[in-house]
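Next come two complexes built around subunit A: one with subunit B, the other with subunit C.
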Partner chain A sequence: MAIQTPNGFSLDNTGQRIVVDPVTRIEGHLRIEVNIDESNIIRNAVSTGTMWRGLEVILKGRDPRDAWAFTQRICGVCTGTHALTSVRAVEDALGIQIPENANIIRNIMQLTLQVHDHLVHFYHLHALDWVDVVSALSADPRATSELAQSISSWPKSSPGYFRDLQTRLKKFVESGQLGLFRNGYWGHAAYKLPAEANLMAVAHYLEALDFQKEIKKIHTVFGGKNPHPNWLVGGVPCPINVSDTGAVGAINIERLNLVKNIIDQSRRFVEQVYLPDLMAIASFYKDWNYGGGLSSTNVLSYGDIPDYANDYSAGNLLLPRGAIINGNLNEVHEVDLRDSEEIQEFVSHSWYRYADEDIGLHPWDGVTEPNFDPGKNFKGTKTRIDSLDESAKYSWIKSPRWKGHAMEVGPLARYIIGYASNIPEFKEPTEKLLTDLGLPVNALFSTLGRTAARGLECAWAAEKLQYFYARLIDNIRAGDSATANIERWEPATWPKDVKGVGFTEAPRGALGHWVHIKDTRIENYQAVVPTTWNAGPRDAEGNIGAYEAALMNTPVDNAEQPLEILRTIHSFDPCLACSTHVMSPEGEELVNVTVR
Partner chain B sequence: MSSDRRALVLGVGNILWADEGFGVRCVEAFARTYRVPDKLVVADGGTQGLYLVDLLREHDPVVIFDAVDFGDAPGTLRVVEDDDIPAFVGAHKMSLHQAGLQDVIACARLLGGCASNMLLVGAQPEELEDYGGSLRPLVRAAIPPALAVAQRYLADHGIEVQRQQEKPRGAGVITPGLDLESYESGRPDDSMACRYGDGRILSRTPQS
Partner chain C sequence: MSSPETFYDVFRQQGISRRSFNKFCALTAASLGLSPAFAPKIAHAMETRRRTPVIWLNGLECTCCSESFIRSGHPLVSDVVLSMLSLDYSHVLMAAAGHQAEAALEETRRDHAGEYILAVEGNPPLNEDGMFCIVGGRPFIDQLQEMAAGAKAIVAWGSCASNGCVQAARPNPTQATPIHKVIKGKPIIKVPGCPPIAEVMTGVLTYMLTFDRLPPLDRLGRPTMFYGQRIHDKCYRRPHFDAGQFAEAWDDENSRKGYCLYKMGCRGPTTYNACSTVRWNDGVSFPIQSGHGCIGCSEENFWDNGPFYDRLADVHTPLGVESNADKMGLGALGVIGAGIAAHAAASALQRARASATNPKSGSGE
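And now, the complex of A and B:
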């Protein structure tokens, strides 16, 4: 029997159940269950985080000035974004103003991460849902070269280049070291690219992997080291000393030139490789218009990239802030992270306990008390669940809601909000992309729309890197070399009991840290991360979450190889290491379909 | 040495998951114990996964410290060289996204220029499920012998590292605040920050 959800989906769990666990090529541990009808169309979707995070536990009692370093270790992917969010939360609590240069350098760090993460996501985590590596082995290198030259002026495109690459790839595959490529559904009917497009994409997969090491050098320059660059409450930890040529750690002309060079290269790579590939791949999948989910109705962005320091109001944020609900693009609502009635986390379908589970809690009042109870109707045993009971609690992820609404966050959400706000730098590239592909605006609300928005945003971020680099140089020329404000570094200068909130737009969506500092120590720390917004379960009202919504009504070509589920889930760039809590026992095979 | 590249001593793993932090704690100790010559780089690789590929392509020789499940007694060290390494690290997933060291090495080879001299110094972990916890005593005791293995290997490849008067916390490799002493001493006790969740989920008993 079908159930109608308040957010507009018709759920029917009577058909064949497909369990995908674990979903790979993602950070952390995610399980997806769906029911398909007799025509193989998904009619019910269940998203479950099977890990349990303990961020609150490791930070309680610590020095708030160190919190960023801990949050940076939660996972290997959004390290810098967590660090930035953390220092902003602590500065907000303690009333610390940062110098203009610190804001610019932080923006450069954050935009660098945005470019890096989007590029790596597209090529290394998502492209293989569209690109068949094995098919690339049968491509004609000459035809591949013609294809590459027809879509871009990128120089690495000769027949010899593709021939060498193909030979290397063949040797690699024949030696049994398929490595990262070993887990694909190669040959699946849903792969639509000709062999030549596959070979070109694999070549760029390797070029992107090689190039990403350059982008990271920007983090080394401003953060002192990489991996794990340094951050600082009150500013940035790098002094500026342009007259000096060799001081360890100081920003001098040589280092600034290096940064400029990398920024320019990044922009070139994104414009000449990433975007043309995106367009080429998308043109073969235009009729695969599934996966929109909540994007056409409910999207949220906290905004980020403050143009000038210490002003976190919407008008000063270059990545737009706002919320759109019920599909009304004519109204972009303001978002207030401090308002206890706006952002709330619910646990009625999560393995936690609240005194009253019909209500949600604002993160400053957040409670994380585990309560593993899989309900009555799950199949299997409690330590080996074959299929979950989504009418009960079924995930280690909480359900965040904005004014009670389930929301999608991420690049697509940001672009829709930018589009609806009539901001030309978001609206125009979006319209151009749709025109070039011959698609209507509605096509944006899809898995491919999500993937395309990420590419557009990557180009936007590369351009903004140039903007902030120029601003930094102007400031330095004008004699401003301040990078940190240490007036309130000493705990003796702090108020006794304060709360603060810091936010960013992580590559995968809205990220907020809420901190409560009491007697100079962290009393409570709560992070609501993008994947919590997107991967969260149903709420007390029965609204399904963003992943769940995006899977609905998608046809699955082969139930044993649900490539379509992977496409849509990967399009969100999932990162569960921080959205969920401690791992479930390993070796516990919950797998019906082992998805790669 | 096979080239004019600098050598690398790399620690991998997540310090927040108890013995998972072995590799990173080794490089922290290495930088505190030895004077690091110019031709050697000491790096805390954390859980950076695929992002570590370039480190393997830019350095040679490479020593990697890691917590590895060999099925031995806790704290037991095993030393594995070159082509044998991938076989031993396959089960160990790091990050970006869930790529293990095996994938990182495979990628470095596919891209070309992977270090031709690699040594894995692995310790058998005892506890991986204590979030926010530190190394267990048997695993911590494996750090000095692990460093000695690395020192000998580097010497065999023409890189002498000398002991020095112990450097202060972190020694520039790891952020102050995350160094072993601060990390351990700053941890609140159980009564202040309950760190145990539901036993049915968190217990790692053999029957599960």
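And now, the complex of A and C:
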């Protein structure tokens, strides 16, 4: 009983059902169900967000200058990006212009997040889908050293270094307490790396774990802490004082040197460890070309990293903006977040209620009333899900659509749009990567393409950190030390009833916040986040979402150990707390949800 | 199978000599108030003890606690997870997924009943029969209560588990509930903050592993060594407060001089945490040092005590009695705020008097 979806997939849910819940090495709570046919190929995929927090309900009636702190707590992994999106939305609504230094420091914060998030994702959330830790025990340390030295000049590469690491690992395994590595799919046939590559990758897993904490110190300098640094409507909270009394309590030359040192170290680590590892690992998995999903047809990016302050037009954004539909790379469409016909959210398969569930709502008109109704073919009880009914409602995530299309967002979407827009700094590294691996362009549209784009973007972001650091120094040298505009800080100066929108490119993709401010308080607040785009369920028309599409037609070697599912889902870097937190303008209704 | 890695092995791997190890054990005995005769016993325990299993559960949360934890600089988190404890379940970091992950949980519950530490990030929602947070097809609250039953001790990571945090802010649509309200009869160590400081998190765990006992807790269940004093008590900008020197607006002259942020809404005077002493991310900075007032993220109900930029005296939202247990018994934050305003004025006044009567002790400005 195959069903043809409007977005080009043939679904068949008659074969064996495989459930992965919890999906781990992600942020938040996600469940995946698939059906495989008699050849073990995935013929139906169901993505379910299994948490809801109601954050925007909580924002209603609050001071819009506080909204960044609340929305930042949407996610502690992509920490900062929601806060930045929020202050932009509020500034857009209130007509606030920020100083040049504030724009630069915000860009440094956002790029720091990109570098950190991508690095941690690759090593700590994704690598174990490709790297067999147990196999590393049988590696020859000398051969590992030769391998490492052949691909990078990174100094920690001696035979002794790898021998010590292997000894430690052996001791760890022999202790019988495998901790984090317990019950992994070790020895699975889908692992293809030689033992030496596995040992090298495990060494870098640990090095990256120790190094990542350094990167985020940039947030700590400008924002006082990480996770969850501090932000400010109208600029940034940290003043600059490089010469006068009291400079020790501000951004001064010692702080700037610390930031520079971290930026340089980060760039080195990305170029000498992350990228060579990515290439080495990818070269063993070139034949595993599954997981493309929507990436070859429909991708979306809002753009980000304004080169100069207060200009959010596409031409001033260093990360590209645009939409590609139906696989036509020759046409990059402009995207307007204010147009009520472009971005809309649907709930026909989500655990929410609309008056008319055939239509979608623009975020400024968004409604969210929870309606946990798992449908008639659902298997289980009210508090035990055995198997979901994807013909009914099946997720706490809504289905956002751009002009009716299901879209993929994220680093791969950005690189495809940058490539299609002929922007050299996206096109050239992409072509080089493909040439080095001996792959055609359409190899990009895959799980590995997603993983590779993230690595390229990490290197791009590290380079841009150096660029903005130099810009900051230039500005200070020229005598500009302003970091905040307080002309409209006091609510008495605000218009009575205004709407605003803010956007960023979060590590995981396009992120938008829509705010309505009335009588100096938040009247309505809505966020549509990357994982909503990617992990969302089917819509009223039956179009499947990006996760679901990416899982389709992938062979699963062992139904008991569905490593391939993890690989493809992890390649999106899921962030579920982000995706499931919507509100209604009548948010107070939610207070009445019955306590059972 | 060779002998399991023990604390002593870990020490040796870190390049610590046998002699230093013995000295450490003697100091540990002394710090625990034990006679020197106990030192060999401690040494023996550390040489032979297996790594303590830790189960780390995630409810409704944002994962900032896990992210903070991996920022720990001392000890390094790679040493923590490889050598100091056995992190047998962690949504964020573990290799296994699906039923293999669930099996790891079950194995620990069965094989290490009464031995494992349960670390909880986030909290359970009680509305919708708990189905606002589903793990393995079941409400998170079920998983939490099952794992709590066999735990030796429970650590409530962050403000979600300790106090409810952002999803429990008004109107708390999911009825997100701090864990001490749904777990009874087990010691719960609250480590509040959004998130807690990395080195405080690893400090609390390693305290328990090193000294084999729970850290002393205050009346709200927080370790006194990290939460015993207000940020204001140890703030390096305190002299400016006492001198009546305040930032008046963002990026004004006084902000650039690093004056006190009290008038910008700083919650340091009512917030119990280690930010001004331990500081963040290996001691790089903390919010006040980077120019933004404390928002009080380790205090109960801090989300509902805003707006964050109103100075404390203007705050009128009453707090529960419990949250005030360590705040001189005052019933409402407004009263505390007024008290602080008076305290600020009085400090400045005393300072002025002192300089008037004794020119040598002038403000130094």
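By definition in this document, the second predicted complex is superposed on the first by the 570 of 596 C-alpha atoms of A that agree within 3 Å, B and C clash if a C-alpha of one lies under 4 Å from a C-alpha of the other, contacts with A are read in each partner's own complex, and residues count from 1 in each chain.
One rule holds for everything that comes next: a residue touches a chain if its C-beta (ideal position, glycine included) is under 8 Å from a C-beta of that chain, and two chains touch if they have at least 3 such contacts.
From a predicted model like this one, the values you see are computed outputs, not experimental measurements.
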item	value
Partners on subunit A (subunit B, subunit C) - clash or fit	clash
Partner chain in contact with A:Gly8 - subunit B first, subunit C second, else both or neither	neither
Which of subunit B and subunit C A:Ile58 touches, first, second, both or neither	both
Partner chain in contact with A:Lys382 - subunit B first, subunit C second, else both or neither	both
Which superposed partner A:Pro159 touches (first subunit B, second subunit C, both, neither)	neither
First, second, both or neither for A:Leu232, with subunit B first and subunit C second	second
Touch count on subunit A, higher of subunit B and subunit C	C
Partner chain(s) touched by A:Leu209 [first = subunit B, second = subunit C, both, neither]	both
Touched partner set for A:Gly327, first subunit B, second subunit C, both or neither	neither
Residues of subunit A at both interfaces, subunit B in one complex, subunit C in the other	24-28, 52-54, 57-58, 62-63, 65-66, 69-70, 73-77, 79, 120, 124-125, 168, 172, 177, 179-180, 206, 209-210, 212-213, 216, 227-228, 230, 370, 372, 382-383, 577, 587-588
Complex contacts: residues of subunit A adjacent to subunit B	24-28, 52-54, 56-58, 60-63, 65-66, 69-70, 73-77, 79, 120, 124-125, 168-169, 172, 177, 179-180, 206, 209-210, 212-213, 216, 227-228, 230, 351, 370-372, 382-383, 575, 577, 581-585, 587-588
Residues on subunit C engaged by subunit A in the complex (per definition of touch)	1-2, 4-5, 9, 13, 50-51, 53, 58, 60-68, 70-73, 76-78, 81-83, 85-88, 90-98, 100-104, 125-140, 142, 165-167, 169-176, 194-195, 197-198, 237, 249-251, 255-259, 275, 280-282, 284-292, 295, 297, 303, 306-309
Partner subunit C, residues of subunit A touching it in the complex	19-29, 31, 50-55, 57-58, 62-63, 65-66, 69-70, 73-77, 79, 120, 124-125, 128, 133, 168, 171-172, 174-185, 206, 209-210, 212-213, 216-217, 219-230, 232, 234-235, 237-241, 244-250, 258, 370, 372, 380, 382-386, 396, 481-484, 486, 489, 561-562, 566, 577, 587-588, 590-591, 593-596
Subunit A-touching residues of subunit B, taken from the complex the two chains share	14-16, 43-54, 86, 94-99, 102-103, 106-107, 109-112, 129, 131-132, 174-175, 177-178, 182, 186-188, 192-195, 197-198, 200-204, 208
